[in-house]
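As structure tokens, the structure follows; a few thoughts come after it.
Chain nomenclature is as follows: A, B and C, assigned in order of appearance, with residue numbering initiated at 1 for each chain independently.
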Amino acid sequence: MSVDATAMERAPSPWTGRALLRRLAIGDEVAHLVTLIFAFTVILLTSLLVYQLFLNSAASRHAFGWHFWLSRTWDPVFEHFGAAPFIYGTLVTSAISLLIAVPLGLAAAVFLSELAPRSISDTISFLIDLLAAVPSVIFGLLGIFIVVPMMRTMIGPALKDTLGFLPLFQGPNYGVGFLTAGIVLAIMVVPYIISVSREVLLTVPRDQREAALALGATRWESTWKVVVPWARTGITGSVFLALARAVGETMAVTMVIGNDPKIATSLFAPGYTIAAVIANEFTEATGKLYLSSLIELGLVLFMITLILNGCARLLIIATERGGGHP
Amino acid sequence: MRFQISSLDFFYGAKQAVFGVNLKIPANKVTALIGPSGCGKSTFLRTLNRMNDTIRHSRYSGEILLDGQDIRQMDVVKLRRRVGMVFQRPNPFPKSIFENVAYGLRINGYNGNLRDHVEHSLRRAALWDEVKDYLHKSAFALSGGQQQRLCIARALAVDPEVLLLDEPCSALDPVTTAKIEELMFQLKDSCTLAIVTHNMQQAARASDFTAFMLDGKLIEHSETPKLFTTPQDPRTEAYITGRFG
Amino acid sequence: MSRARLIWRKSLNAVMLTLTGVAAFSVVSVLFLILGYLVYNGGKSLNWAFFTQLPKPVGETGGGMANAIVGSLKLLLLAAAMGLPVGLMAGVYLAEFGGRTFGFLVRYTTDLLNGVPSIVMGIFAYSLVVIPMRHFSTLAGGVALGIMVIPITLRSTEEFLRSVPGSLREGAMALGASKWRTIATVVLPAARAGIVTGMLLALARVAGETAPLLFTAFGNQFWSPGWNQPISSLPVMIYTYAISPYDDWHRQAWAAGLVLLGLVLVANVGTRVAVSRGGASRGA
């Protein structure tokens, strides 16, 4: 069948059916606009969030000013509110969690990227990603019924026996407290350290390792002295990421920290974090100043995670761009 | 003449890729474009159906007339129905064989008998016998050569007046290449073909007219036997005899 | 090089490498420990009553979490209805239309939104919905979870759309398809598997969230008809029961934990498996 195209345009042809519908110009513009509106919604929501946080914390910001950050009082009855105990608690629990999670996570990442054969490495990574998907409240559940008793009966006494001379490990041990919360947090953030560090370590060029080994280094020496330093920017990024997660973690912490707004030197003492106090006291907050103080704490938390996530992203982008080395 | 191109300059941003090309592409014949890598022949081919419009900051000056009409004045959708394209690597959609061929028909509002037209296009692409019992299978189940013929069938389904082929056989084996060249010969009756090719033997075998491009300029253009046996320009001769390429 | 030093280096090597293996397996074993405890403690308490009955008043034993299960489903439904379309459309914008500066801005705020602690998201939903309505509601909880769904969906949609090869788009355009047509009929279907996975994973993630619900959906001992009343949910029930002093409630918390974790893991594993199998045979 030899087709004459011009004849097709003229004759009542099978092509004129939905010709109007395919007026592309309008269709494309509409699609562009619609998707743009949705994309703008994201920006809108985020701006609205920040705005609301500022707006609703105005009362306490005006009442307490900068003093809010340093004051150790948290007295709903006399309406004196200060953030110091919560910032302290957040810092201490996060520090403990990193102290545990970073060596553990880095070691595991090294194993997965350097030593394990690819299939085992992939399977274990998959399982560790699943660990990251476990909801916080379930970690809290296990925290209450497994870790707290362990702390009370095994870990606490053991630490007291060995390191009891340090003020860190003195004082009564009820099972709940900074240390317990730190341990639970450590388990929750270690998957993030492992997965990011593993990826970064895998991108270190082969010839780096080979150069070290060719000089007579042991496997461990080549890994620790050459490969890990090469990846150090990305690994630091993963630490910031883990820290951001630890700082914002609510449920698991509030279930095992003891919920006591005090600054104490002993790690066995009960404490409080920013996220935990908001979770516990928000619905009980009577009075505008009380609620406003809690929201100001939320604002503080938001700012901290903003900065930490920002640093993490910069570090990880720097790795991708510069190949990881300084 | 199907296409008349005059004084075509093409720019990617500030960089000029095509310099003052004048070419006529005759109807119902195969015109081959040859030249070394980077000489601008693919860029040139893609301006003919305004595919380069999708590239940011690209523009051209000069005139391109399809049957006497400036393609810039035309509705680009209409243009692309009349001037079809087959790409270097087969790019079937992740749909069934039938749906691949029917795609162009559906979007262009065809309301005749779909099934018949799909069969007709597959026959024109010499693929019907191989797939007629498997029309609802995925296009990816086909071999590379079959996929490319499917892409040809898909392009033919919208009854284009011109078919542009951008190195259609470079990813295919010699046997399949021969099949496609034979296809081109049969399509000439109903279609005008313009093919960009790296393969000089292919150009010599399968085309009626050949144009040689170098560094974005059209060096020589004449009937294929003439260009290959008695090239006018020394650069053409150098390229054909393999002194560079 | 003294012999002693060499022996030291070699032993250090052996010890360190073993330790890394120990570290990796310890972390993995935590996962199995969690599963083990939940199956053991939760399995004991999982019975028909759990799924069909309402909670009994404080102090009485027995009862179940039927309202919490339904509540979680209602909240997920709301979250999906509100968050998935936004994430999808915005992802399409970024992958197909995105301008340089505006696209960067959208991506930046998406990452920002993703990093917001879930408790702060609860505060946001509280000020958006609970304050004007003057009471807790399913809607408020849905809003909180819905906003959390957006960044995850957006990122995976954009990623999978970008992974569709340009040759497919060109093929469609060469046939005369307009841009939106190409996106709707070729690009989106090609990226379909990945996008759906991203959506399911986003939903699985917010299904386990507790903090944002504490002062939005709040909790409810009974059924919660409509969308305007406070509603019970599985994670909040686990929390409430776990910190209570009642053994019976503890048992139920384990059971609920098992159900919740089971759903989350099935979603995560299921989608991973589906994508890896689907990737091998892309078809019509």
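Note that in this section a residue touches a chain if its C-beta (ideal position, glycine included) is under 8 Å from a C-beta of that chain, and two chains touch if they have at least 3 such contacts.
Computed from a predicted model, the values in this text were never measured in an experiment.
Of all the chains, the one whose CA centre sits at the greatest distance from that of chain C is B. Located most centrally within the structure is C, per distance between chain CA means and the overall CA mean.
One finds 15 Å separating the Cα centroids of chain A and chain C. Centre-to-centre, using mean CA coordinates, chain A is 53 Å away from chain B.
Per-chain CA centroids place chain B at a distance of 48 Å from chain C. Residue positions of chain C touching 2 or more other chains, listed in rising order: 178, 181. Shared contact sites, meaning residues of chain B that touch two or more other chains, fall at 77, 107-108. Under the contact definition stated at the top, the residues of chain A that touch 2 or more other chains are 22, 24. Residues 49, 51, 54, 77-81, 84-85, 87, 89, 91-96, 99, 103-104, 107-108, 136-141, 151, 154-155, 158 of chain B are the ones touching chain C in the complex. Those residues of chain C lying in contact with chain B across their complex are 165, 167-168, 170-178, 181, 185-186, 189-190, 281-284. Touching chain A in their complex are the following residues of chain C: 9-10, 12-13, 16-17, 19-24, 26-28, 30-31, 34, 37-38, 41, 85-86, 89-90, 92-94, 96-98, 102, 105-106, 109-113, 115-124, 126-128, 147, 150-151, 154, 178-181, 183, 204-205, 207-211, 214-215, 218, 235, 238-239, 242-243, 250, 253-254, 257, 260-261, 264-265, 268-269, 272. Partner chain C is touched in their complex by these residues of chain A: 22, 24-25, 27-28, 30-32, 34-36, 38-43, 45-49, 52-53, 55-56, 103-105, 107-108, 110-112, 114-116, 124, 126-131, 133-142, 144-146, 187, 190-191, 194, 218-221, 224, 244, 247-251, 255, 275, 278-279, 282-283, 295, 298, 301-302, 305-306, 309, 313.
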